[in-house]
């Protein structure tokens, strides 16, 4: 395969720490030719630090240059996922876009349609799919060991994890709160176990009591006056085949554990817990608990970037594709709508 | 107060182990004058064992006797809760009926209406209300320490707890499975924290995979061929004030813990876990975990019987009354209906 | 099947606590008609206590009586296993004999030959075969889950467990020490996993340092002056198919654990530990540890008595039969011989 | 004392990480003048990295140079221990040779004889002798606290520790598998507690099931097709004074613990466990468990190099000397021979 | 020895549960002939229950009877220790008196003097001297293992252990609070390690905040209005040889542990903790922690009664004798005096 | 505020690691202009390392220079605290002096008087006041949650922590042992909870058994021959309002824990433990244990330097001021005097 030319749009922490190192670690497959940020200082600093040839603060200029990229990593703020992804697709680039896909369902559907029309790959960076635990869970499902999954509890809960930096509490930039930032991760994992079907019934409630009251923060201090999003969201999703998901996510909740990211999966033959991975089943006529104490740590961003490149090259891949992203965004929107009732 | 005359209807384990000892321990308030069971042998055996003067296998006869009781403990099978409670109320008796209130909402509403019409007390034996943990939870709520409760996770889960005896898997006798037998307990506790409001939105799913497949049992062996009820039920309830409950209950589920009966309660000022009781809150500007290692064990049936007698005497009491029982049964029916969709 | 008539020979603790209750719990299969002890007082006391019709202090008399038994439980001292078993077989009785089979290999072989000649069942009471853990281990082997077993570590170790009562330190009565009393149990279990093959190479060492030095006892105080047997024995057995067993047993050893009865089993596909039962294997390409937290406690004497009765009735049974007992006794003798070198 | 001139033969990991740093940390006693490796690039790279004056790929050249060394560290592959050690001794150098001493007993005996003839020190780098735990064990033995040791269980077990690099599965280079690489360490420790006596009886079994079947590796992936050595070895050694050793070692075994390196030592007055160090004994008429929670970590290679230098200078030292190495190699050979039966 | 005739004075719980069973278990040494209580009903009930020939409510009568006892167990309330002990001694009886010895130092000194004058044994029932832990501590001291003890921390602390029964909060009956009831036990143990020397300097503080404030009780509810004694006492005792004791005792204290009865003993060679027993010392040049996991449970009242009988018979005994009791009471008085400053 | 000019006197570890980094981290408030050490080499080396303009070995010269400092950090040996602090105050500098304040009470009082006379700030570097735990303890006291504190156990205990470096065992330089070096820290914390009142009664004992006997050291090896100070000190302090403190401190003591720095605080409404921080109280009529698992780590030297600068600028601060230092030194002197009795 020829080496693909890549460009980054967005000059924040996630570009610096995740995407650029992952691309740089794959020189035989991809060449990082440019970085684009609204703040040209940021773009140049990252270009210098990581030895990226070109720095822009104008994406159009980048797409018109001689070094036009083949693929774009869109790691801008949530409200810029849509415009920059559309622009990149229009310029015939593959796109790996940060999560969540978009600010609403219409955007995500349009993005998926455009990608199809342009014959380009659009994917979303749900990198938790690459943990050894989720990989083992998928293998356990595919080998039949779990039987059929009928209920999943998906949790991404923080006790006091409203970030004191960035725009996490600004609705017009983020599109939402805990659900948009955290809940989408475990929702994506859960949907991935159910063939990414679409639920036919959804009910949800969202809250903002702690966010608006203020108090102790464990990820810096937030401004309670400017807290515009939900700090907690609880939802129940029911699927046409009668499977169901209970989703719980929070920025702030009066609970013991500081951070709880987990799936509990209930299948007809076995149940599973994601972290630490365990299976609960029957064996030789007895109830058995199975633990896997030797799973190896993985660089999940590196693996997700590889999955994206595989996908660009037409290979099978477990990346979250454009259609899945659109389904997920429709569910998120349905949750918010249900919560408004 | 005069000593009340009591009679038991139902000659099973719960009469023998719970209700009769509780009544016998309160001789200054109640006199157990009769026991009635379809099986006269059972009735006589219990009468002998516990020194109860009269044994019947015909309730009408008992109500017509000179020793006509003032109050009835109805601990028959679920499908007999309604007819015997109605008969007792018609005979001007107070009634403490075992849970669940009835087979369906219509019965429970009718029972409540009749009790009101007759001016008699009707109550249900949700004795988990009397644990020191739930009592402390209620006091914590009433003192304002929890703030306003907005979400509750209510669990009554067994890994392999389909009873191998009785009629627990027979739908026409029980009216349902895990929800009717186990889930109602924690649903009652959760509703008791939300002023027993009625939810305006309900979604639920029920399952019977393990029950119908058979396998290892930890409470005896069940007959998979005759398994007619749900072995698991997951529901989400949303209330007009935006509070919500996530209810999870199972006879059989592929999960680690053999038996998990618990509430997680999320309030604006503090969260609580019921078993073992703990509070999670802020104090002096720091996050605090509070444990109560010295709660004393309680005879919860004894305390619930006292609560019933207080209620009969017009005192304040935390017993589950007829109206609450009707609300609970309406919710149970709504859950089953939602699950059928 | 007709009900079998049983008699006990031996009036000690194990008759009173184990064998008589087990027989009495099986009235539909066996009738305990007599007990015989050298001490007629003991015999009569046990007969009274357990409602046994006849008490003897002379076995010949018992065999000549009208109530001649069909089967004998021989729970006499080790040095009487041989004579009473021979006498019972000669009188056409089935025999369940306490472990170890005999004082030496020649006796055990002769006992097996006689049983075969008489067409009667002779079995030994290695009741540890009936634990749920060993049963699960056998099922795991038979289902192929362990693959082929190639090495077993068999331990029955006590830190300071030289009994202060009985004849446990008397060589002429017991025939040996820790190996004869304790080690034979786990040796039997290990051999049971290897089709009760006969090893072609054996090496062993025995010791008596602590027994002869005296000191603190955790099972009463023993008389160091009269300590005639081994307090510890370590042996390695190699089988024609290259499987091997490491056997370690002690009455007294300077080790942490007070009592350690266990097998570690190493198979080509999985390893197993007996107590608490666990399997160590690979699954879905990862190393897995499996635990079985819900094994139910069992009355192992009851189950072994049932196994003996099944065997008497010609059914398949996992009892230790006469041939296995002879093999085991030959190995024990070989171990002692090796240790003398 | 004059400063000794040292040279390294072998340019692998153990030279780079262990021996060179240890020598460099002792400038007042030894000067590292040269490094020799078949691969001159390796030799030069190490010389540059560690500031070693000379680099060779021909040992003869090195011995003929002006900077002829006084002592050699032989850290070549197992099959080169013999030729280079002989060459070094012939050139009148002291030698510290990596373990195992040689490919077979004849080589090790010849090496010892040659060292004696040349009046030079030959020692082996069994650096586990220098742990604080083994040192404390030796002191406990020497002070009489253990009494006389009569049995030792020596374990060096890995669950899935077949190295995926180097030549660990190549018999012609390594001479064997787990025993040659791992077992020799704990065998040396055990023999060191028994005055390095020679056993008069040995029985052993070796296996290669997992190595030849392949599967999950925790130290990289190995090639099951080319697996030529034993993956597990179990042996029993009996000594003329009736002491005994049970040796268990594995590259791969279906067991819980990932890596288990330990001795259990049974003495007449106390028992000991090496890791973490503990004693089990009697005190004031009670059974006592003694732990030593404050042992300090040690650089065991540094201490073993010091021990070697002391030995070269004629001082007392706990280094494994040439005679001990020959005894150990004879035992290893006897184990392999027994396992072939 | 002739069998001694014993009588009990005091009809409370401690007579019924401790002293009578202990005497009854020693029929070959003592015969319990009478029980005397102010409440003749109590006396008769105990006499019936325990088959004691005679019951009195008048001690003088008992001493004048034909069955005049040889020894008295005085288990009356604290304020009656003095009068009944004096009366018993005057009647030429040995006396085992419950702790504390008396209401004040003068009484205890007078009691000791009288016992000496009459040639009778007077001893106090500090039964914690008989635990296996204290016995082992004494042996460790006597064998020199601890070296010289220079500091002891003696604790008898309860978090909320003000008894809701009896007279524990009544100063005129009890003479004091936590110190008189609880602290004296560990003070006696500590003094027993220091040859029961008399301190030359004492400083102390006592408190009654929680007792007078009321609140949650873990040993029943107490009446805060009638709380007259100290709920906590902290004292430092310094001895002529420079040894020192820190004594801490409480009925109620805001601390984690519900009940903490312990000594920490600091010696020149080793330190000790009483519960669970452990030694902290040096061995082979390393710091060692020693635990004794196999101490056997003991009936401490039985052993203390035996110690008293031995003492009556002139044998060596570790009972608390009259002189020690007087010293202890002088220290208690000095503590209270210091606290008043 | 103008930027203050600072100078360090004393060139040891604490200057290098604690004080200089703290000053350097506050460039907007303080400028470190000079460092003075008796050893000019040390002074220059630190000046170079930390970019300090001037280095002296003569304090007078420093005070006379153009860059005369506004404040001095006195981190010299204990016996130099007094002369250099006096010199600095005489030169009109504020002073932050290391603990303990001085060699005796008279010095500390004179230092406080001089500071007052000169109108300069004198403070002591008890930096443990700045831990989040002590801060939370103070807030809990100030909010009334503890009620009134009546007893404190203050511990700073090491098992074998006699430093093998510096002058810690030299009485003429240090002024004392464990109390002067360690105990003063927790004494200061305890006094800070009691409004730094002066006790009216003190009793104490000091010891030097282990220090003078020698043995294993966990902080290097000390010279038992030259051990001149106390290795352990136990004291009881009683205050006019009846509050009391039990102080225990050691360099070496036969105890389990290697290092134990803690306060146990007993208040009328709640008790507290400092490390890890916990409260023990009553809530809703039940006993409650409160833990604070999310306290954040703090740079306590940085915070104490800030507190000193605030104090210099006339702001409120929790620094240990000159008067408190004098009170503490008087108590230390009284403890030593009591121990001499």
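A, B, C, D, E and F label the chains in the order they appear, each numbered from 1.
Please note the rule applied: a contact is a pair of C-beta atoms (placed from the backbone, for glycine too) under 8 Å apart; a residue touches a chain by one contact, two chains touch by 3 or more.
Computed from a prediction, not measured in an experiment: that's the story for all the values here.
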Original post:
If chain D and chain F share one sequence, what is the angle of the rotation that overlays their CA atoms, in steps of 5 degrees?
Top reply: 120
Subject >> Copies chain F and chain B - interface residue numbers shared by over half, same or different >> reply: same
**OP:** From the options B-F, E-F or C-D, choose the one that repeats interface A-C, i.e. more than half of its residue-numbered contact pairs are shared.
**Re:** B-F
Subject >> Intercentroid distance (Cα basis), chain E paired with chain D, Å >> reply: 61
Original post:
If you average the Cα atoms of chain A and of chain B to get two centres, how far apart are those centres in Å?
Top reply: 43
Original post:
Where the CA atoms of chain B average out and where those of chain C average out, how many Å apart are those spots?
Top reply: 51
Subject >> Whole-Å separation of chain centres (CA-atom averages), chain C against chain F >> reply: 69
**OP:** Provide the list of chain E residues touching at least two other chains, using ranges where the numbers run on.
**Re:** 159-160, 216, 218, 285-287, 289, 293-294
Subject >> chain B residues within the chain A interface of the complex >> reply: 147-148, 150-151, 153, 159-160, 201-205, 207, 209-210, 213, 215-216, 218, 232, 234-236, 238, 242-244, 246, 248, 253-256, 264, 266-271, 273, 278, 280-282, 285-287, 289, 341
Subject >> chain C-facing residues of chain A, complex >> reply: 136, 139-140, 143, 145, 283-295
